[in-house]
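These notes open a run of structures that come right after.
Next, two complexes with chain A in common: one pairs it with chain B, the other with chain C.
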Partner chain A sequence: MERSENAAGTTDRLVANGLVCGYGKHSVLHDVSLTVGAGEIVTILGHNGAGKTTALKALFGLLPVQSGVVIHDGKDITRTSTASRVRGGMSYTSATSAIFRDLTVRQNLELGAFTVRDSKVRAERLARIHDLFPVLKDRGSAVAGRMSGGQQRLLSIGLALMSGAELMLLDEPSLGIAPSLVTELFESIRALSRDAGLSVVLVEQNVGAALPISDRVYYLRAGEILLSESADEARARDDWWELF
Partner chain B sequence: MHLISAAGASPSLVLQLVVSGVVLGSFYALLGMSVSVIYSTTKVFHFAHAFVYTAAAYVALGTASVLGVPIVLAIVIGLIAAVVLGVTIELVVYRSMRRSGASSLGIFLASLGISIAGPNLIQIIFGPDGRNLPVGNPALYTVGTVTFTTWDIVTVVVSWALIGGVLAMRRSRWGLASIAVSANRELSAAVGISPQKIYVYAFAVGSLLIGSAAILFTLNQAATPNMGLQPVLFGFIATFLAGVGNQKTAPLAGFVLGMVVSLSGIWLSQTFQTAVIFGLLFVALIVRPQGIFRKAAV
Partner chain C sequence: MEYYADIAIQIMFLMMLALSLNLLVGYTGETSMAQAAFYGIGAYTVGLLTMPVAVAGLEIATSSGVAGGAGWPFWPAVLISILVSAAVASAISIPALSRVRGEFLILMTLAFQLVTTQLMGSLTSITGGTFGLTPIPPMTLFGQSLIKPSQVVIVVGIATVLTFVFCYRLGESPFGRVLKGIREQETAVRAVGKGTVLPKVIVFGVAAGVAGLAGALNASYYQVAAPQSFNLDVSILAIAVVILGGVANPVGTVVAAILLGLLNPVLDALVGAEASAWRGVIYGLALVLVMRYRPQGLIPEHQGPLRFLRRRRRRNAAESAAPARSERDRVPGAAPTATDAAASRPAPEVVLSVEGMSKSFGGIKAVSDATFDLTRGQITALVGPNGAGKTTLFNLITNAITPDQGAVTLNGTSITGLSISEIARRGMARSFQDGRLFERLSALDNVAMAIPDQRAENPFILTVRPLYVQKRERAVRQSALECLQLVGMHADAETLVADLSYGDQKLVAIARLIATGADVLLLDEPTSGVDPSAVEHVIDVISDLRAAGKTICLVEHSVHMVERLADRAVFLDQGRVLAMGSMKELMARQDLKEIYFGA
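For the complex of A and B:
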């Protein structure tokens, strides 16, 4: 199996090559290739309908891939189930339904660790998440859907961390939360990546908030990756949208 | 037959109706739990549940009276048949329809088809006449002016034991997974739960419950090929009264339903039972479409 090296010299955590994917006969992604290194935050930018969410779903196995390969930690996972990707350390946080709204915060976190059989590991992770986001401990028995938007987002990150994810696919984490909280949320994602080696694929409309925490950026238009560059280069650019 | 009885019903009649209400209510609670387990998780209008109900009763009485198997063993075989049938319908019919992108209406129509064809098959094999489970006559107990039978006690105890068992299982890994699937299917898949497996689990549990209900029914009354339609309908009504997706309160709604039906006997003749049930559903859907109970966390 082919292992590619990224700039940092470590093995890429995720490699996607020539993904073609869609709904029914209608294909949305025509040619998507990207790499994510360990501890790296990669942001996919693009218009509505460019296929950003579809790309995340394809990487996570929620949509069958018509052609192309997905390699996770050196293993070809193109045809494996979502459940086995979760066990392999991948997580996906949807923009619109990232938590179980009708269940309690505690039940949500328990479900995050559904694939973890060892109850000691589950307890350790829960304690770590409670340290990271104390509000999730304080509001453990609250119904998740009744919390504020910001708390719900924290819970969605907590849910992903409970699975032991080393690679998070985050779809619009800033959606529906106050601007001041967006910065805070993104800072904690950056911290997780720096301290725990978490890799992140971020899809975000809020470019201004996403770029400062990103290492690299991919531009997606009409289902094709147009360009990839470092986040510094992207920040220097003031004409992102002219690319499209 | 009187349609409206005297306003001043005797206390002994009321007491008897309360006791009958407890028995009927427990039975309806079991029906409600059974339908709710399947519907809240899979969102399939599983009308073929009626066939599973009928099949459980006929397999049990068939193995007991035709093959001469001991009655307890025959009942166990009937329950196993119910589970196998329910799971088979999910795997062979619903799953393949879902895979080929069938709408929920399409799946419902297929289910309705099975609920009609299945009983016809039973009628071809066993004939249209009522058949009894060879269990003999129950003992009759009289407390004051109230009478009840061994089967009444069995119905109440077995129904609540099964309901309690299912509710207790909600704390298990599988139970939590099925709560998750019923709350949010996509997210369940994202945390690594396989909804396909949970569907099979829901059909197995729901079928075991409906099969048990069918056996309890045939302790008292003759089985007929079309016996399944009404209980499944009542199970759905209990599910909707409780508020869809609210598994915990579905048995409670069933119990209320049975109690109201029984107590309506103070004023109304038995022939109005079904009208009372649909009347209750009608009023509840207008006044409290979210369910008759206060909404709590799932």
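For the complex of A and C:
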């Protein structure tokens, strides 16, 4: 395939080409291709069941792909394990089970840096996250599952940052938190991307919250990419009915 | 000679036990730990009935202190033994089997097995205690007592052959199809309008009845009935035979019974007296190896020497389907085009009305006060953001989940609170998001299961009127084939559903829904997961159903799909009905846009 072509000489942090995958006989994605640049926030929009979460899982290696390639920082990672993708700087934050609910906030963050050997690096990262989200410092000994939905979401982002991720896959971070907090959370994601060059693949149903912080948008419908456009173009639309 | 006949008899007893148990474990997917208990009940019953009547002052030479029996002749006593075993089994199984699937039956039969063995050993005045009931008179045939193994082997052999034929025919009959449906997807059997408790109770009784027959023959052959011949070990041995041989395959059971039954005599011959120590090890090892290398058993369900019977059927089906192989049939009654039908249609007729439906799960209102109608010949879609309560509403309408409040009226009669199978019989059937097909059955059998009013599914009629059943079954298979033809799947009629593509499976699910004859069809995500190339086909089929006058309600997440398919949409958010109308009207509304897109 054109894997070398895609991999060579681009600034794309992630390239997916012609992904086909699903669960057993139930195919979910049919020929999905997308790219994510360094420091870019790319949002995948689409109806429930369109295959958004499946796409993230395929990119993260949680689901084997039937065909297609995934290239991360120029390396073909299609067949590599999820663990090696984490060591390579990828993270995935699930919509429903992104944290260890029975552990404390502090233990959660320490687990986030499970792959980091150097204790100095771990300490630096923890300090940085505490600066970013002071609430995670204040409530360090609280059991994670007993915190508010918004705080749990912040913790899930913190977990991903502890691993040193440069490419975050975020599945519906707005799910189950108050609308005012959604804006706040998304602003901090935007800030991370701007200041630290973090790349983000964001999956959202909440179009209104996701568009203001996105650079580019893909519309996924029934497992196929229907359209890709800049976030400006997407924001200029009256509605998105015909794309869902 | 007598030695070999004795071994053959022992093996055939094991065969009869395992063949009947296979009806439960293999065909119905329910495990019984009490097969030996029913075996024992048959043995003791025949013993008590045939032993001579105690005469005052004249002590019979019973070594066990039992007063005496009823002095019956042999064969009537056998008949009663069968009936007693079957009746006891049916009675005790009802509480366990009325629950959908469960470990409950395993526990209950285990308890029953242990209690029965205990009672056999302790009710000394009736059963003779641990030494057993003896002497039981030998079996008789044409007035002659049969004592020698070489004579008994003929009677037991005939009984075994009859058991085999009976179990095989039952398993392959329309009744067997219902049993397999229960094994594969019990909810789906209910959803096409069939009860599942009665078939389970009947098959439990039938399996016990056959065990009772084996027990009766056993007791008259050995002239003794003792607890250790009918204990848990024997039940487990029967289960081992079924699993080793291959579930739902009587041929496999026969092979496994021979292998396990020969183990003892062969070991005796080779090793001698200390062989018994190795028996358990070899049994265990054999099971582990089979599980590892042939998880479906020695002869899996759809294989083995009796395959040719099925193949013949397949050829017949393929021949009758041949003329229209590539072409999909139109749904009968389908108007030439949908618009023609609409023009000639009188005022919209409400077929189903849902009023004030509410359901909370732990304080969260999943559906609250939902009210809407379905109109004849229209497709109504339930739309709304994720978590709006669309599928929950489906489940409430069909009473798969019991609503807190609300009423459902179908064709003017209330169906509130009726079971899902009763609702299906009254003309409203649903499909499932995940298909819920009977995977290890052919496409044709999947659809045939849904055809209503099958008298051939009654095992009694099956036994007394086999020819009538054959005729009815041909008609049922023909109708099922026609339903498959409507969705264009007739060429795959004999393919196992598990071997079909996901899109084809969805089509079989629709054919199954058509076969129920229901007028109101509830489709849960009919196109999700279907390959894009096959989606158009599914849409055509659904449009055809509408043109044929079916009333359709569907849950579909893709707005695009709703716009293409549905005449009107019901917009839900957080369990409430916010708006109704054509999808175009709904899409024009600013408030709905904000809810759907958060913007």
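Points to keep in mind about this one:
We adopt the following convention: the second predicted complex is superposed on the first by the 233 of 244 C-alpha atoms of A that agree within 3 Å, B and C clash if a C-alpha of one lies under 4 Å from a C-alpha of the other, contacts with A are read in each partner's own complex, and residues count from 1 in each chain.
Basically, a residue touches a chain if its C-beta (ideal position, glycine included) is under 8 Å from a C-beta of that chain, and two chains touch if they have at least 3 such contacts.
The shown structure was predicted, so the numbers you read here are calculated from the model rather than taken from an experiment.
Of the two partner chains, chain B is the only one touched by A:Ser163; chain C is not. Shared-chain residue A:Phe114: touches chain B; no touch with chain C. Legend: residue contacts after superposition of the two complexes on their common chain; A:Gly223 is shown touching chain C, with no touch to chain B. Within the superposed three-chain model, A:Ser27 lies in touch with chain C and out of touch with chain B [touch as defined at top]. Of the two partner chains placed by superposition, only chain C is touched by A:Asn48; chain B is not. In the overlay built on the shared chain, the residue A:Gly208 is in contact with chain C alone; chain B does not reach it.
Contacts of A:Val105 after superposition: neither chain B nor chain C is touched.
In the superposition on chain A, A:Ser94 contacts chain B only, with no contact to chain C. On chain A, the surface touched by chain B in one complex and the surface touched by chain C in the other have no residue in common. Of all residues in chain B, only 173, 176-177, 179-180, 183-184, 186-194, 245, 297-298 touch chain A in the complex they form.
In the complex of the two chains, the chain A residues touching chain C come out as 22, 25-28, 30, 47-50, 174, 205-209, 211, 221-224, 239-244.
The residues of chain A lying in touch with chain B in their complex are 60, 62, 81-83, 86-87, 91-94, 97-104, 107, 110-112, 114-115, 143, 159, 163. Listing the residues of chain C that touch chain A in their complex gives 385-386, 501-502, 505, 525, 527-529, 531-532, 535, 557-561, 563, 587, 593-594, 596-599.
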